[in-house]
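Each structure below is given as C-alpha cells.
Okay, so chain A shows up in both of these, paired with chain B first and chain C after.
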Partner chain A sequence: MVPYETAAAAPPIPIGNPPASSSSSSSNTIIPKPPEIDGLLAGAGYKVRSSDLRHVAQRLERLETAMLNSPSQQLSLLASDAVLYNPSDLSTWVDSLLSELNQSQSLPSLPSDLSDLMSNPTALDGSWMDQQLPPPTAAVHNQQPPQLTVVTAVEEDSGIRLVHMLMTCAEYVQRGELALAGSLIQDMQSLLTRVNTGCGIGKVAGYFIDALGRRVFAAGGGGGVPGGSAYENEILYHHFYEACPYLKFAHFTANQAILEAFDGHDCVHVVDFNLMHGLQWPALIQALALRPGGPPLLRLTGIGPPSPDGRDSLREIGLRLAELARSVNVRFAFRGVAAARLEDVKPWMLQVNPKEAVAVNSIMQLHKLLGPGSPGDPARPAPIDAVLGWIRSLNPKIMTVVEQESNHNQPAFLDRFTESLYYYSTMFDSLDACALQPEKALAEMYIQREICNVVSCEGSARLERHEPLANWRERLTRAGFRPLHLGSNAFKQASMLLTLFSAEGYCVEENEGCLTLGWHSRPLIAASAWHAVAETAVGAVSDVPVVGGVVL
Partner chain B sequence: MARSNEVSINESKMVVPLNTWVLISNFKLAYNLLRRPDGTFNRHLAEFLDRKVAANANPVDRVFSFDVIVDRATNLLCRIYRPSDTDDPPNVADLEKPVKSESSHTVPVIVFFHGGSFAHSSANSAIYDTLCRRLVGLCKAVVVSVNYRRAPEHRYPCAYDDGWTVLNWVKSRTWLESKDSKVHIFLAGDSSGGNIAHHVALKAAESESGIEVLGNILLNPMFGGELRTESEKRLDGKYFVSVQDRDWYWRAFLPDGADRDHPACNPFGPKAASLVGVKFPKSLVVVAGLDLVQDWQMAYVEGLKEAGQQVKDLYLEKATIGFYLLPNNAHFHTVMDEIKKFVGSIC
Partner chain C sequence: MPAASRNSIGGGGGGRGFGINDDVDILTEVLKRLDGRSLCVAACVCRLWSSIARNDSLWEELCFRHVSPGARPVVVALGGYKRLYMVCVRPVLKRLALARPRVWSPVEVQLSLSLFCVDYYETLAGSGPPSSLLFLCNPVNV
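Moving on, here comes the complex of A and B:
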C-alpha cells in the first residue's frame, strides 16, 4: 500500500468469493452452531453451552467473591504471572482463574467448593471440549460463512483500475478464456508503467500480473516458479526471516511450546520438517541449557531437500548447531534426513526412540501435502493423511504447526486469486515498514515465489496450498490430535518481542488457544500446538489440553 | 462486605437474562484483573482476553466490512460496514463504490465510537462488530467504526483527535456522498464512545471546518464530575459497575493532575465552556436506569436543553449497562427502534 498522503482516491482491492469456499472462523451475527452452544454469547466470541450457563454463572459469583477477598495488589500480580488459556471457553476459563486465585491466597481453609474442584478433576476439564469434536464425517467447509479480510489504505485511481483488471483477468482464466486473459495481461503491463511500482498496490499488482502471465502464456500450463534452486530458496528464506517478524514469531512461539512440553524429560527429540539454516534451534538449545535441573539430551532430526552439488548442507547445519550445543553444555546429536518431499519421509528414517519425548515441528510445511500426491494407486491415503498418520505413530509429546492464515487452496481459481491478492497485499504492506536492505528486496522475492506458485501452478506443482486455522483444526482433530493451548505467557512474550523488534502495526491475537500474528487487524500466520491422543481414546477427550499444565 | 456482594449479585441477576449476566460479569471480573492500583493497565492481558473478529468482505446477513488505515502515522484504523443488496459475494464490486450508485435515498454515514471506558475494546471486538452490523441494517447506513487510541497509554485528547481525524476523512470521501453530493454524517457511541461523540461533534461545531454533524446518538455515555451524585451512591457496585472503577478510568484518561470536573469528563460542569449558540447536532441520549452514571447523563441532557440544543432522552428504567449488546431484552428493541426513527427523521 502506498504510505498515507493527503486524501485522494480510493481502494485498491475488490473482492469476490463464492459462498462455497472455506474460511477462517468468524463470529459475525448468525452462524449455525451446534444447538447446545448459546448463540448470542458465541456471537460475542464465547463458547458456552446453554445447559452450562447456570453453572458458569455460579462460578462467576464465586470468582467475584474470591476476587473481593484478594487485595488488589494480588490480583494484579495474578494477572501478570498466571498463565491463562483460551478465554473463549468461559467455563474452563473461570475455573482456572478460581483455582489460580485460591492457590495464591494464603488463607488456610478453603471453601468447600474449591475442594470439590480439587477432588473432582473432571470439573476442570470443561467437558464442553467433547462438543468441539466434529463427527468424523463432517464436511470441512460448510459451517462458517466465507471470510475475506481486507485492510486498505489510501490509494491512487490507476491502482483501482489495475485491480479491476486483475480480477477480470482472473475470471477469464477461470472460464478458460485464455486469449482474453492474455490480452488483458498486456493491457495491465502497460498500465503498470504508469503506476508507481515501487510500493503499494503497484508492487503487488506487478507480481500478480507476472504470475498470471506465467500461467496463461507458459507452454503446457503450470507456469512454474521463477528459478528456484534449494540454495537460492534458503537465501531468500533467510532474508524473509530478517526483514519481517513472521518467521521469528513462528520459531519463538513453537520453541516456547516445545520447551514447556519437554519439561521433566531427560531425553528429547525434535523433528524439524524443514531445517533450512536451523535458525529456530539456537534459541531452544540455549533455553534448554538454562532450564532448572539442567538440560536434557537433545536430539535434532532435520529434514530438508537433498543438495544437488554433493554438499551435505543438512550435515553442515547440524555441525554448527552441535558446536553451539557444546558451548553451552547441552548433550546434542543431529541427524539429517534428505527428502525432496515430506511425503517421501518414512518414520523409520527418523529413528525415534520410544523413551524419548518427541516434538514434531512444522513451520509452513503441512500445506504442501494437500496436493493430489503421486498418481497411481487410488487406494493409497492422501499425502497429508499418510504423514499425519505416521506423526501420530511417533506419539509426539507435541506437534507445533505454523501455517499461513488464508485460504489459497479453494477449488475455484478466482477464489484463490482473490484471497491471495488480499493476503499478499497485506503482507507487502507490512514489509513496507522494513528499512533493511537488501533484506527487504530479497524478502519480496521470497514472497513473490509463493505468489507465483499459488497463481500459476496446478496439480502436484502447486505446493502453496495454504488453508486457514479453522480447516487445520478440523483436519488435525479428525486425524486424532488434540490441541495444546498456547497461553497468555506466550502471547505476552510474542507481543513484547514485536514491540522491541518490529514496526508498529504488527498484532498478535489469541484465537481459541492458538496465536496469530498479523498486520493491523488481519491475521497472516497462525501458530498452534497439538498432541496425539491414544488410538483407543479417539472421540472421548479426557485430558486438559494445556501446555505445561497439569494433566488431570 | 460479602453480604452486600451477595445482594448485588442477586439483584443484577434478576434484571438481565442469564447469558447477558454471564457476559457482563465476565467482562467485569476480567477488567478487575486488568486495572492496576498504580494506574497502569495490563494491556497484554487485555488484548489476549478481548474476543476479536476479522473484517469480512463477503456479506453476512447483507452486511460486509473492510478495514481502512486512515492515518499511518498513528496507525489509526477504521472498520467500514456497508449494506449489500444480496448475499452473493460482491462481484468485482469496489469496496468503496459510491453509495449514491446503490441508493437513491440519502445514505446516512454513522461514525461509531466503541465503548470500553476509554481503555478497553477495539473496533474489531466481537461485541462491537456485531453492534455495528446491526446499525447498518437498521438505518440503511454505512457505519465507520473508529479504532481510537486508548487510555492509559494515550490520554486525553488522543481519542478525540482520532475521532476528529476520522470525521474529516469521512467528510472528504466522495464515495460516501449521497445523491445530493453531501456526506450525511452522524456520530454515535456507547459509554466512552458516547463521550467521544459529544466532543468530536463539539469540535466540528466550533471549528471553521464546515463539517456538519447531523445527529449524535449517545448510548449510556460516559460522563462524570467531582461531586458524588445520588445515583452513584445508590447504585455503587450493584449492577456491574462501581464508582471506584469509574474513578480509575477517569484518572487513566484525563490529563495528569486533572480532576473529574475537567470538561472532557464534565461537559456542563464548572470548567466547561457554554454551548449556547453553538451549532450542535440534534442528540439522542439513551440512559439506563440501573447505570450509576445516570445522574451525569441526565445532567448532560439538561445541559443541552438549557443551551438551547435539541435533545431527546430515552430513559430505560430497568436497563443495566450493556443491555444493547445482546438482542435478548425489550430495551434492546426499544432502543434500536428509537435509533432508526432518529436517523430516519433527519436523513
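Moving on, here comes the complex of A and C:
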C-alpha cells in the first residue's frame, strides 16, 4: 500500500513541524517560532519555509500539469535555454519556471478535483513533500495522455490525503476541538466516495472515519461498539478464525506448549479464559490421546460470558468436547464458569485440585484487564494485578499468553490512533490476500469492532488495550512469572501452518523464546508461555528452562 | 451391473484363466498400492471395486501409517482414513506440492491430525458442513 507507507514514514509532519496548511489558529496556539525552514526538505537540499509549503506544493502541481500539456519542443527549450537561479530556493524556482511556461501558453484549467485539493487548507499539509522531489532538470514525461496520469495521481493522492486528514482529525480530537474534527470527518466522508473502498487504504480509512465519527458525534462522549451480543461475537470470531491464520496460530502454538508442559502428568487441568466455541481444544485432546504412555485425565474449565437467553452455551460446548474426548478415549471433565468480565472470576470457582498440573490459557484476554477497573475503592489493586495474583496462587505449570503485538494503550489519543492505523492497515492487507469470500467480510466486521473500541471508546468501555510483548514481559515478570521458551516444535508447526495458508506474506519469527506471527515482517500477534516461580525461589532463578519436545 | 464383473463373479471357468475379480483379497492387495487419484478412479469401476475401495485400510496406506502406527484408533474415531485423506492429507500434499511416496515429519503428522480433529469437532456441532479446513482448498495466491 504505497500511499500509506509514505505517510507512515513521515509521522513527524503532523506532530513535530506544525503543518503550514492546518488552520492558522493552530500555529498560534503552539509556541510561536520564527518562520523556519522545513526540516525534511532541508535534509534533501531544498530551502523552503514551512509557511510556504502549501504555496510551493500548489505551484509544483501546476507546473507538472503545464509540463504534461506543453509540447516537447518547448520543454526541451525550458531544459536547456532557461536560466534559473538558486534552485534550492524552491519557492522562487517554481515560480520562475511557471512564468517561463506561461510566456508561451496559458495554463490549462485544472480539473475540478485538483482545484478542490488546493482550496482545502487542511488536506495539503506538505503531503507532496514526503516523496523525493525530482531534481531541477525537467524530466520530460513520456507520451502518456495527460488525462490518465492526472487521474491516477488523484487516486493515489486521495489515499495520501485521507491518511493525512485522519491524522489531523485525530489531533483535533486530542486537543478537544470537536467542531473542527467533525467538519473534517464530513470532508473525509465526501472524499471517500472518490476512493476505491473495496480494498487498500480506502477500506481501512472508511472504518477509521466511521470510528472517529462515533467518537465525535456520539452524545455523551464515547461511542459504543456497533451491535455486540455475545452470540454475534462468537459468529464473527469463528469467521475470523477461518479467514486468516492468527487464531489458528495462537491455538496450535499454545497447545504445543501445554502438551509439552503436561508431559509426565496424569491429572491435568486447563483453564481457558475465553471458551467461545472451544475450537482450540479438540487438537489438544487428540494430541493427548496419542501421546506415548497414554492420555491423562483431562479437566477443562471454560470461562465465558453468560448467555442472555437462558441457553447454557458453555455447557453445550462442554458436551461437544466431551463427546469428542469419549470417541478418542480420553477421560474428560468439563466445567463452565460464566462471568461477564475476567476480573469477576474468583479462583475458588475453578476448583483446582492441588495434585493436578494446571495450565492457564489466555488468548487475547489479558489486555481487557488494563482498564481503570471499577471505581470506588482506591485501595483495591488494579484488575490486571488482581487476576495475575490469583493465577499465580494456582501455581500453574504453564500459562500461555497470546496478545496483539501493538501498543493501543498509550495515554495520548493521537499516539493510539496512529499506531492502530498502522496495525490494522497491515492486518487488512493480510486479510485481502486470503480468498475465502463470505468469511472475509465477516472477519472484517470482527476487526472493525476492535477498531471502534480502540478509537471511539474511553474509560472502562475501552477494552481493547493492546500492549506489545515487551510490556507484557515486564508486567508478568513483576507479577512473579518466568518465561518458558517455546521449543522448536512449536516453531516448525507454526511454519507449516503458514505454508498451508494460501497467502505468501505471513512470517513466523522467534523473539527470545516467544513466537510472533506477522505480515511482511510486521509482527501482528505474539505468543508466549510462562510459569509461576515459587515465592522463596524468586531471587534464585538462574536458567530459563526450555520446554522439552515430545514428538508423537 | 457392468458385463465384465458379472462374468467373473459367476465363475472364471471355461478356459478363461484367472480374472482380477475372482479373489477379493488379491484385488484388495493390488488396490492398496494405488495412489489417491487412481484409487478414487478405481472406486468408480464397478460395485465390487467400489465396496473394496470403501475399506478404510486401503486409505491408511495413503496416509502416514508408518510414521504413527498408534494413531489408528484415533483416526478411526475421528472419521476414518478415507476422510482423513480426502479432507486433510490430499489438500496438504497438494499445497506442499509433494509426491506421495515420501517420509512425513512428525510435525506434519501432528498438524494434519490436529486439523482433522477440528474438522470432526465441527461436524459434531451439526450446523452445516465443517468449514475450518476450507482454507486448504484455495488456490495458492502468489
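By definition in this document, the second predicted complex is superposed on the first by the 388 of 552 C-alpha atoms of A that agree within 3 Å, B and C clash if a C-alpha of one lies under 4 Å from a C-alpha of the other, contacts with A are read in each partner's own complex, and residues count from 1 in each chain.
Simple rule for what comes next: contacts are C-beta pairs under 8 Å (C-beta built on N, C-alpha and C of every residue); 3 or more make two chains touch, one makes a residue touch a chain.
Just so it is clear, the model here is predicted, and its values are computed rather than measured.
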| item | value |
| --- | --- |
| Touched partner set for A:Y46, first chain B, second chain C, both or neither | first |
| Which superposed partner A:G264 touches (first chain B, second chain C, both, neither) | neither |
| Which of chain B and chain C A:L324 touches, first, second, both or neither | second |
| First (chain B), second (chain C), both or neither touched by A:P354 | neither |
| Which superposed partner A:K492 touches (first chain B, second chain C, both, neither) | both |
| First (chain B), second (chain C), both or neither touched by A:L279 | second |
| Touching partner for A:L500 - first (chain B), second (chain C), both, neither | second |
| First (chain B), second (chain C), both or neither touched by A:R522 | first |
| Contacts on chain A seen with chain B and repeated with chain C across the two complexes | 492, 496, 504 |
| List of chain B residues in touch with chain A within their complex | 1-2, 5, 9, 13, 18-19, 21-23, 25-26, 28-30, 32-34, 36-37, 42, 44-45, 47-49, 51-58, 60-61, 63, 66-73, 75, 77, 79, 87-96, 123-124, 126-127, 129-130, 133, 147, 169, 172-173, 175, 325-328 |
| Chain C residues within the chain A interface of the complex | 68, 70-71, 73-74, 77-78, 92, 95-96, 105-111, 113-115, 117-118, 120-121, 124-125, 131-132, 134-136, 138-142 |
| Residues of chain A defined as touching chain B within the complex | 1, 3-4, 7, 10-11, 13-19, 24, 26-30, 38, 40-41, 43-46, 48, 53-54, 56-57, 60-61, 63-65, 67-68, 72-73, 75-76, 78-80, 84, 87-88, 90, 94, 97, 145-154, 160, 164, 167-168, 171, 422, 488, 491-492, 495-496, 504-505, 508-510, 520-523 |
| Residues of chain A defined as touching chain C within the complex | 241-243, 245, 252, 255, 277-279, 282-283, 285-287, 289-290, 292, 320-321, 323-324, 327-329, 433-436, 439, 489, 492-493, 496-497, 499-504, 551-552 |
